[in-house]
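Remarks on the structure that follows.
Read from first to last, the chains carry the letters A, B and C; within each, the first residue is number 1.
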């Protein structure tokens, strides 16, 4: 009960409830997301960790309804500042995208339109989000609209470490490196100091050294802008370095969610434990360990807990009923019957 | 994994493949227009295969003249009328399909058989052969195939088979270009590198690894090329550069009927319609197949 | 590389291609069947006369000498004398080309404008009844053999409906009463310049059917390609990223997407020029339009090899130039092209 009281003090900036997404594929209906719940609190960095096929990228994209295609069904609620993003009009959603919830993706160079200069694309977004700021600058500094936009652009590029703004303005997507491109995307995403930044595998395609720098940049900038980050990744190491809390996803559900330190020091869910053990550590002499089995078929998933076929602690109950969320500590929840004693109140 | 588990996995993969093909077939059947096109083509092809055997007046189909019944409008005896020489048009259409329809198949398949291996080779080998072939392809692609074929036909002498060969010559570069593009993009993929590192020879990699992966766009191109090939044959025979009279050929038939277009219009219009219907059917069918095999393009 | 360097390179390539073309044409016309000298003299010529003609035409010299003389003359724009009309081929061409180009330009312009518009509409309203209808229409449009379409148009619009004239560029009556004064060679322009409005409308009236015949195929091709190219582009990552950034669907489609989608369309437009030129042969034949196609046909039938050389050279040049222009246009739109 005390744990609950602590939670209720902070209002989440994003509240995802029972998000379900089903795709109609060749063989039937694939339940990609089978009830995802989590909350994102202001200024925190939450990692959404999982293997390929866990549904983490689909989660990220569904939040802003970015998954194209008629052959899908979505249900659930995604609350952002008291609005259910699934119920708002298209216009409202458009207004929220980018300006209040930013997003960056895995292949930054592919995310920049190849036929326009970086400058053109950046200026467009500045015009779109920062009309007030432009007007203010015109009044206070007596510059033209074009100059105001360029000044703002220059400042934002500087913030992400791109100092040669003149050159950037004239460059095309094919002329910048991966690191530079991602910095540019980050600058765009944080233009209007959004409340949330969704980073979908934002560093997975970058070199390791560049990765470290970009992570630091993200962390610093978001702290400065009061932006919460939802960090999607398959890399536990990154989650450990940068994030405050970690949510572990398996086959369309969140199986464990806790503060980073807790997840690494005292993991509860068998899958989390398996994941952590599978990370090779130099010095350990008992060979490579892995979680046996394969990720489940999403068209015909295992009943009850989707992990049970691979779990070495499974009970009979696991194949029949789906486990709820059980609190096992402060801000620590697990979806596993092993922890059923601590049922939520 | 133990053998049993492997076998089970293999069975699942095969079953999945079968399921995928069934799904694709179901998708195809949803395109009512494509199904209709398919049946039209089927009927036409069967009719063409049977040829003189099902034509009501086979001798006329092959060229025998029947002056007493010239220029007759469609009637009970001659369903599609008779032409300038009194020959039954329906029979001529059926017999003419041999060149006009199957000629199209010949050109496209021959072009693919030449162009695809060349493209594989040029795309895969670095350096000079690739460069030469690229230049050659570019040269051919700057001019319309029919024009080049016309020039060849004029020099080599008019005739049905000559015309077909003459059309294959400017046609194959299109396949080479397609395949080269695909190979160049897939060359860097990991499975190719892996095969190289395993020591597999060039030809083996090209045939066993690259070829299956480029097959889909090639098949789509073949299907969508059949229409243009049929039109190309028609363009040549209309000018007398293809099939020679008195043999039957749709393009030639249109020419024969052109003089009388204002009075006995069916002589030219019927073969023209035959070409139009067949080509449209191929286009619609090809489009549907393309949508299904390459679903990312829509 | 910079735009300037790109254009220079393309230009050089153009020259090379033209050289290759001229050489090919030379050998092509030399391999045509028939005795050229005999045809030049015509009628029942005696062997000595044929020999004289042969010497006059320079056909007695060895091949490489003929070739160098041919190339030298070409450099000065001298394409020889037509064996049929006995006038310089160059002059013949100059006279006939504008007649054909009139049809070609109008058909090309209309095909591109209508094709782009239709393709964009089909893509924007993807899946709707409009899209389906357009798919049907464009599938049919590219399925017409040009000669069939031309004859069909004559049948429908002249014979059955009586809306448009059957053949020719202008009513024969008007050829005498209001002849077109030749300034540029383009009848529409010339008639406007000289205030000859009767002739203007009459020529325009005669142009309708031929132009329709010419534009239908390319229209279908351009529309289909525009549609599929647009739909393909809209699936790409940068569109997704821009959508996530709050850009409206309309801007995404007509601004972000369209620019990228146009590149392959430009290639097809270049191809369309070639196809329309080829189709002009047939259209001029059937509609009796006095242009280059007509001239070429006469040349083929009378084995007028100098004229044939000239025509082939000219057509080849037009193709090569059109392709080069398209290449440059694509580079302007898409700076990634090297």
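Keep this in mind: contacts are C-beta pairs under 8 Å (C-beta built on N, C-alpha and C of every residue); 3 or more make two chains touch, one makes a residue touch a chain.
All values derive from a computational prediction rather than experimental measurement.
With centres taken as mean C-alpha coordinates, the chain found closest to the middle of all protein C-alpha atoms is B.
The greatest number of inter-chain C-beta pairs in contact is found between B-C. Distance between Cα centroids is largest for the pairing of chain B with A.
Centroids built from CA atoms put chain C at 25 Å from chain B.
Centre-to-centre separation of chain A and chain B, using mean CA positions: 50 Å.
Our note on geometry: chain A versus chain C, Cα centroid distance of 55 Å, whole angstroms. The residues of chain B never reach two or more other chains; the list is empty.
Counting only residues that touch two or more partner chains, chain C has 235.
Every residue of chain C that touches chain B in the complex is listed here, in rising order: 17, 20, 28, 31-33, 126, 135-136, 139-140, 142-148, 151-152, 154-155, 158-159, 166, 228, 231-232, 235, 271, 274-275, 278, 282, 286, 300, 312, 315-316, 319-320, 323.
Put simply, chain A touches chain C in their complex at residues 64, 66, 68, 94-99, 102-103, 105, 107, 110-116, 121, 124-125, 128-129, 172-174, 185, 188-189. Interface residues of chain B, counted against chain C in their complex, comprise 33, 139, 142-144, 146-147, 151, 154-155, 157, 227, 231, 234-235, 238, 251, 254-255, 258, 261-262, 265, 268-269, 272-273, 275-276, 279-280, 283-284, 287, 296-298. Partner chain A is touched in their complex by these residues of chain C: 235-238, 240-248, 256, 259-260, 333-336.
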